[in-house]
Amino acid sequence: MTTETVIAVRYPDCDMMHTAHHSVFAVWYEAARMDFFEKMGFSFKDMSSRGINPPLVDLHIKYRAPVHYPGEVTIKTRISFHAPKKLELSYELYYEGSLASEATSFHIWTGPDMKSIDLAAALPEVYAKIEAADPQTKDRDG
Amino acid sequence: MTTETVIAVRYPDCDMMHTAHHSVFAVWYEAARMDFFEKMGFSFKDMSSRGINPPLVDLHIKYRAPVHYPGEVTIKTRISFHAPKKLELSYELYYEGSLASEATSFHIWTGPDMKSIDLAAALPEVYAKIEAADPQTKDRDG
Amino acid sequence: MTTETVIAVRYPDCDMMHTAHHSVFAVWYEAARMDFFEKMGFSFKDMSSRGINPPLVDLHIKYRAPVHYPGEVTIKTRISFHAPKKLELSYELYYEGSLASEATSFHIWTGPDMKSIDLAAALPEVYAKIEAADPQTKDRDG
Amino acid sequence: MTTETVIAVRYPDCDMMHTAHHSVFAVWYEAARMDFFEKMGFSFKDMSSRGINPPLVDLHIKYRAPVHYPGEVTIKTRISFHAPKKLELSYELYYEGSLASEATSFHIWTGPDMKSIDLAAALPEVYAKIEAADPQTKDRDG
């Protein structure tokens, strides 16, 4: 499962170099991630109502080509690794048809007390959706 | 009572015009306001512990001259009107010695349920600090 | 002429009060303004290619009701005053069907040297579009 | 050479989780980097006047512990690798005395046309400062 999220570049996203500032990409990737979760069937509202969240512990962004205003970026998002307590998403960001940036975000699952949980045990029906969205990890591990 | 808050301009504060973007001024004025409250003796931590806050209901900013990176701005903050349920602060922002922007923010006092409260009744010792910081309002009303 | 611009609230737009931070509204209103100019027939790209811009000199925002994530806001934008050297836009921001904020932005027209210009003389075909978009000002003045 | 940069957390830096949003760290690390360059003797103004910049091509941030408002972070910055056309900086971010985040940023040197340049050839006196600030790389390579 790979989702596509389209985001319009805003005027203040761009700095004195006339290109989108690198910190904005982190906001864009998060918006793409939220979109992925919603399309997968475990939206932010679902997370909030259950007190279960995937806080970010590691973010790695590569900047390959500048992004300008006005314009829009398209982000392709997929799960690149999953385990009962961990999740990794990978992103490709396209601008004017070319790959302009790539990223990987690593998350742990936490419960209402903000401590690590085993999602497969806590929410098996959600974990099944993750397994369905990322069959590669299973193949890789087995 | 007038406080002075010095804030360093950051590179991404500036947009393609090579001047600080107008939305950043709202963040700077809020930082100056928080500094004012702390120096007056009713810090954000004090507010949070009592569940009493001054949410912003009206913000008016005038932009007189551009602000650039690198550099810093100095904001002079004072109370320009107070009443038991309301508060208005006024700001002057200086850049390289000249007035670059002015603003006024209007607030109501709210309690833990986010509804309007009478601060003079709820926290008389805090309200006395506001009266001391803004003797003009009293003169104006009387 | 009134345009409608729909903007998705993002997770980091919201602060510890769980509502969109007031500085974000300035970014949203600017996005609505850019959308208005494009739909009126004088886009940011047109402005840039001619070196003519409407810098913001005054911004007044009223906050009437909180805006939350996830959700979206709809901004209705119109010209509320125009003259050959000046422009005022007015905005209404709706969230979940209710008016959550209003704003007015005041601009002057500047040329490539960033000095004030008379748009009616410099770009009469653009000024005609502004007059068509805001017939009220003419009535008001005459 | 390791620099220390102290940055105050701002109220809107924190999101609904009451912790500084991950995108803000990218802004903080950039401020620390600018401070490092200035203290090393090649400030942003020096770069701009010569048309030579170190654009970011790779950013890797680890989030170890939450950061809250009010408070401040201290960032320790050093060069972790240098070559005539490349530069890597590494950062440690401390909050309340503990390591809360770490990061690495990778840069290439570009000239006025935004194309890669050899800094050792273009600005030998600046490159000497980098070599002095990072004697480890030389040892590592030799």
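Labels A, B, C and D are assigned to the chains in the order they are written; within every chain, residues are numbered from 1.
Simple rule for what comes next: contacts are C-beta pairs under 8 Å (C-beta built on N, C-alpha and C of every residue); 3 or more make two chains touch, one makes a residue touch a chain.
Here the structure is a predicted model, which is why all the values come from computation and not from measurement.
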**Contact-richer chain pair [B-D vs A-D]** = A-D
**Most distant chain from subunit D by Cα centroid** = C
**Fill in**
Residue numbers at the subunit B-subunit C contact, same meaning over half shared and different meaning under half, come out as same
**Request:** Starting from the mean Cα coordinates of subunit B and subunit D, work out the distance between those two points in Å.
**Result:** 32
**Item:** Distance between chain centroids, defined by C-alpha means - subunit A, subunit D (Å)
**Value:** 25
**Prompt:** Could you say which residues in subunit D touch two or more other chains, in rising order?
**Reply:** 11-12, 23, 27, 30, 69
**Item:** subunit A-facing residues of subunit C, complex
**Value:** 8, 10-12, 27, 30-31, 34, 43-45, 69-70
**Complete:** Per the touch rule, the subunit C residues reaching subunit B in their complex are 17, 22-24, 26-27, 30, 53, 55-64
**Message:** Using the touch definition from the top, list the residues of subunit C that touch subunit D in their complex.
**Reply:** 11-12, 14-16, 18, 21, 23, 69
